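One structure is given here, and the rest of the page talks about it.
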Amino acid sequence: MDLMAEKEPILSSFLYASILAHDCLEQALAFVLANRLQNPTLLATQLMDIFSNVMMHDRDIQRSIRLDVQAFIDRDPACLSYSSALLYLKGYHSLQSYRVAHALWKQGRNVLALALQSRISEVFGVDIHPAAKIGDGILLDHGTGVVIGETAVVGNRVSLMHGVTLGGTGKETGDRHPKVGDLALLGACVTILGNIKIGEGAMIAAGSLVLKHVPPQSMVAGTPAQVIGSIDEQDPSLTMNHDATKEFFKHLAVSFRDGRSK
Amino acid sequence: MDLMAEKEPILSSFLYASILAHDCLEQALAFVLANRLQNPTLLATQLMDIFSNVMMHDRDIQRSIRLDVQAFIDRDPACLSYSSALLYLKGYHSLQSYRVAHALWKQGRNVLALALQSRISEVFGVDIHPAAKIGDGILLDHGTGVVIGETAVVGNRVSLMHGVTLGGTGKETGDRHPKVGDLALLGACVTILGNIKIGEGAMIAAGSLVLKHVPPQSMVAGTPAQVIGSIDEQDPSLTMNHDATKEFFKHLAVSFRDGRSK
Amino acid sequence: MDLMAEKEPILSSFLYASILAHDCLEQALAFVLANRLQNPTLLATQLMDIFSNVMMHDRDIQRSIRLDVQAFIDRDPACLSYSSALLYLKGYHSLQSYRVAHALWKQGRNVLALALQSRISEVFGVDIHPAAKIGDGILLDHGTGVVIGETAVVGNRVSLMHGVTLGGTGKETGDRHPKVGDLALLGACVTILGNIKIGEGAMIAAGSLVLKHVPPQSMVAGTPAQVIGSIDEQDPSLTMNHDATKEFFKHLAVSFRDGRSK
Amino acid sequence: MDLMAEKEPILSSFLYASILAHDCLEQALAFVLANRLQNPTLLATQLMDIFSNVMMHDRDIQRSIRLDVQAFIDRDPACLSYSSALLYLKGYHSLQSYRVAHALWKQGRNVLALALQSRISEVFGVDIHPAAKIGDGILLDHGTGVVIGETAVVGNRVSLMHGVTLGGTGKETGDRHPKVGDLALLGACVTILGNIKIGEGAMIAAGSLVLKHVPPQSMVAGTPAQVIGSIDEQDPSLTMNHDATKEFFKHLAVSFRDGRSK
Amino acid sequence: MDLMAEKEPILSSFLYASILAHDCLEQALAFVLANRLQNPTLLATQLMDIFSNVMMHDRDIQRSIRLDVQAFIDRDPACLSYSSALLYLKGYHSLQSYRVAHALWKQGRNVLALALQSRISEVFGVDIHPAAKIGDGILLDHGTGVVIGETAVVGNRVSLMHGVTLGGTGKETGDRHPKVGDLALLGACVTILGNIKIGEGAMIAAGSLVLKHVPPQSMVAGTPAQVIGSIDEQDPSLTMNHDATKEFFKHLAVSFRDGRSK
Amino acid sequence: MDLMAEKEPILSSFLYASILAHDCLEQALAFVLANRLQNPTLLATQLMDIFSNVMMHDRDIQRSIRLDVQAFIDRDPACLSYSSALLYLKGYHSLQSYRVAHALWKQGRNVLALALQSRISEVFGVDIHPAAKIGDGILLDHGTGVVIGETAVVGNRVSLMHGVTLGGTGKETGDRHPKVGDLALLGACVTILGNIKIGEGAMIAAGSLVLKHVPPQSMVAGTPAQVIGSIDEQDPSLTMNHDATKEFFKHLAVSFRDGRSK
């Protein structure tokens, strides 16, 4: 941080004000998010108060914001430091803003939660209903175009690329959105519709349209998506999953082509 | 409204100023949109004047903004009240902002119409050319990533999910964009290219790429999209179409898988 | 310009300040971009200084911003004048902002380059890593949802529609993103993943998922994408490519359907 | 106006938006004042609504804003046109803003009236209690430092230079501020304290401290102020008063010096 | 407060956010001042952090902000409630902002203290050097034009009207500004120059120029000021002083006139 | 500067951006003033362009801004460095902003010059007509309340305290404001009215009202002002004048009192 500030004086005050001036990650994050989300009808100072109050008193969020930043460090090769995630990553910012909106929703402050959802969607292009439930250790990369519906559930250590949709399939107001298991990897522009299960550790190839349940540890691809393989590891750790990604995609390409040439 | 304001004092003034302080929906909407679209080169007060003038004197827009808000109430299960559509739904806001740009375009004020298009695209991530023609009773859900070209035509009571493209196919400047019939449903991330017809009441599955005409009352899916079924109702009402959505997608998934397993 | 200003007095000062008040394209562009990208932590005046300094001293950027604007005039039928590209096209603005971030990255000012990337992604919904290399004469149409990774390379006179992803396939930090040859055309919502080559003059149909090398002058489509034809011209010029686009897409639709019906 | 806009393109849009775009003086003034008084807790759009509503329905204000602008034209030699008063004169702006606050006060909207007083004092350095009563045809020149208390009354066609105080003399809450008659001229930095009468057509020399009643048509000066002469005209018209100003001051200087040399 | 909010919905959110949303006066004041003093180079969020940190840890300021608000209630008849002082009184706001700047100055943060002085002078028209020492229970009424120099000292329970100057008399850098005793009353536009003493409980008439020491309990007036009477009370309490004000001024006017007529 | 930045990281970016990032004083000043004077109808970037263009091409202003900053260093004991004048002194900022408005007025750009005057008066509380002529080496201390009329002329190395008025005396539009000779010192809240001469090196005591010519090297005081002494030095240098200030005021007090006791 000090090194960053020294190297780029134009940003040094912002870096200082965002990070070094605060005692804890919660205050720093409240400062950064308030400045990104403010507009004429939501003052930065009001937002900083709201975010700070929620984050200083909610143990779940305190754990989540730490596990999420670690997810970026571990899984996004372009993310080189904790401070760059905190300061600049739109995916991380939209996720933590949703977490505050979700906490407000649970407190019954629905109007404010929906106002935040609206503003998050405008600023980051990420539209997550505040009633959706999202676990810890999430990588939400780039973020643009992500849509997650009201009754969606996302497990722990899931990775979501940009353009992912967890949508409903119609007009009913009940439980109508996907349930994504721990450790799943949802590629760019994946669309998952309806109250279906994505099993633990499943991998959904980029651009897939998923309309039915996906077994744990399976690889699926296509529109509509089909199972094209499985992951052999008995106990696929998070890291391994990600090391395997490239292989997965090569495999996927081959499977698909071969499958069709039959 | 009063209840909302009472429950969330942080937002009560905005709720009041947006809705209760105005005599009519047009003024309220002009107020809300002006505050969302303002930037250093388009003052909120100028925008409020422009929006108010257009909406107070254009019967078509007055009808459209009412039928559109009803479409959100009827078809978006997460939209619980008229006021929440008016205040917070990005899809509704981008659609009404386009309607003003379109009215200006028809008056020959092309420069201002294009300036608005540019700003709407920046703020909402929705890029609709002001010359495009869009009917009434439209549900534009979430909105992020929607692109609608200059010569596109969209009928009445159409639903468009986020990520829908109604694009051209090349360099010519003539009539080159899709014509979408009444009551059609375009799923998330559907791409429709060229001067082709989407028949009345057609359903396009999420993620489809459509490059040729689609018959009325048919269901299509895939990249490129193929007809996978039809809708039996003699007189499919708007509501029924939407109630049928879930069935449709289940059907779709089955059709596709079976079709390929042959 | 004078005509535009005369017709629309509400915008005349902005048109004047943006274009006529400046001696050269570089200053005009610095003015326009600074006003679009400013926020509470990046003053418009600071940004104008930074952009102006980079663009006034970098021959490469001076050439690029001219060839790019020409690309919009030549290839985007909705772009009617140089000034409308300069003033209002989000794709053009995000591309030139990236060029400044890239120049700063090459000077070793990584922190500022990443801050700009973050802000460009927020304002325009276009996320280009400042280390990526992009040639001249680029058409980046609409822009929303575009993601281009750290080690991606894009040649000259390439056209990229909205929603294009040039992504990586895993966790490694080395060379992991696509290399796109000159004159290629990447349709809307195309996803290209991994360190693969897209040959010169290749055409990728909208919505395709590309996971392996694509030969020069070939047409590919589908998820995952397959070669569905080739471009016959011995010396396909840029203009011809684009004139051929419509034919290509018709051809594509036919090939695909026939291929599958076998 | 058109000429002004033509000559200075940087301001042409503001001139247009402020004046030519509006049907009536009331709307134009509401636009100008809303943009000057806005801050993060009082949106420009809210202020424009409030100002417009008050001014469109209050005949007294409609007359006052016209007679006041005429006063600037007639009596301020540096004010060359109606539009320059409307656009740029701080004294005129602070006076009309007070008039709106006064109207709100009379409607019983004391909280909003006091909020406006506070903001007017911050922006213009002019602190007028909304309960004070001020007549028509007022010239409030420059304005900085003017303070007018709660129970002060100012007649018609009065001129107040900058730095004038119409203050109270203690703690009581009753009627405790000056009553200034029609046609009086209060020079720069004049301080008048207590519930005393300044007679019609009286002239108070710059820098005077006035603590007791001043007879009509008299000239007073000094700290504390004493009568130093009278105005002979049987029927001193407004214009004549002002033509006499220079003479008055010469006379004043002589009187004073002579008075003291005794 | 609740009553105020109920009566004026346009301001209710601001009233809520400013007062009811905070646990203590310090936080409320930090919120209000941050929003008034913010500008493009001093973010509202930074200012709220700075003000909050200083006020939450400085017992002296905590006492001062309470005694000062009481002074407004006790001595300014136009100040009807604690909340109106907190929300809207420029004199109170500029005084408390100075107190923070003074605390920063004592901590050795001179650069930030001077930056605040500069901003306070711009926003409120009140220019107090952060090194000046000012006691508790101060009424700074209206505020516009007040200037207080680097080595000035002001005792407790002093009242300063607008336009008061406590200035130096030349170029030396040592102790060169006035020392004002407890309970003194400085009328509007009083100028006191040089390192001189204003005795306890002295009253300086509006518009006076004071260039030499003023004895305790004396009344002075004129340019330059002379003693024109004394205050008989053995133990003049603060309240009585102020009740006596009107009498004082009447007396003053008589004394002066008579003194001169000799 | 570097030291300042190091000590106060919250301000370091502003200090850097304001001073170190620019090649010359003109650019630095254009940056600082543009950020202070910006509002919704005058963009910071436009102002920076305007100020920079004027200052980079006007030799007179280039000399003035240097001689003026030296005047603050030499004569204002609270001004400790060049950078603090440049960054924070309202008097210096309002003076340099006037200089740009004056240059524009001379170029015939009257509309823009008056717009700047209006904005300078709002932001700084300093109202100087752009047609007024002001020499070099001016100390304008604090600034609040200063008013200088259209035909006023101020010589070189003059010092003006806050609250100084150089006003007219009536309605005529001709040459009607004071002419102040070189090296004069105008104390706080001095009011000078009419087309009269203030001789070289004259000293006007604080709070004086001056209505007739003042001889060179004389001391005047009172309302109306009378000569109370002279300055003996054959060749009073600027520095000596200021060293003599304190003595002057002591002398003044004595003279006055004695004069009256006769």
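As written, the chain order gives the labels A, B, C, D, E and F, with residue 1 at the start of each chain.
Just so we're on the same page, a residue touches a chain if its C-beta (ideal position, glycine included) is under 8 Å from a C-beta of that chain, and two chains touch if they have at least 3 such contacts.
Nothing here was measured: the structure is a model prediction, and the numbers come from that model.
K.L.:
Any chance you could check whether C-E or A-C wins on number of contacting C-beta pairs?
P.N.:
Counting C-beta pairs in contact for C-E and A-C gives the edge to A-C.
K.L.:
Which one of C-F, B-F or A-F makes the same contacts as B-E, at least in over half of the residue pairs?
P.N.:
Comparing residue numbers across C-F, B-F or A-F, the repeat of B-E turns out to be A-F.
K.L.:
What whole-Å value do you get for the distance between chain B and chain D if each is reduced to the mean of its CA atoms?
P.N.:
52
K.L.:
Determine the centre-to-centre distance between chain C and chain D, using the mean Cα coordinates as centres, and give it in whole Å.
P.N.:
Chain centroid spacing, chain C to chain D, equals 57 Å.
K.L.:
Between chain E and chain F, what distance separates the C-alpha centroids? Give it in angstrom.
P.N.:
26
K.L.:
If you look at chain A, which of its residues touch at least two other chains?
P.N.:
10-11, 14, 17, 21, 35, 40-41, 43-44, 46, 125, 144-145, 163, 189, 207, 223
K.L.:
Tell me, which parts of chain E touch chain B in their complex?
P.N.:
Per the stated touch rule, the residues are 5, 9-14, 16-17, 20-21.
K.L.:
Residue numbers of chain B touching chain D in their complex, please.
P.N.:
Listed in rising order, the residues of chain B that touch chain D are 17, 21-22, 31, 34-35, 43-46, 48-49.
K.L.:
Where on chain F does chain E make contact in their complex?
P.N.:
4, 7-8, 10-11, 14-15, 35-36, 38, 44, 75, 77-78, 84, 87-90, 123-125, 142, 144-145, 161-163, 188-189, 205-208, 221-223, 239, 242-246, 249-250, 252-253, 256-257, 260
K.L.:
For chain D, which residues are in contact with chain E within the complex?
P.N.:
For this pair, the touching residues of chain D are 39-41, 46, 50, 109, 111-112, 114-115, 117-118, 121-122, 125, 127, 129, 144-145, 147, 149-150, 163, 165, 167-173, 176, 189, 191, 193-194, 207, 209, 211-212, 223-224, 226.
K.L.:
Can you name the residues of chain A that touch chain D in the complex?
P.N.:
Checking each residue of chain A against chain D gives 40-41, 43.
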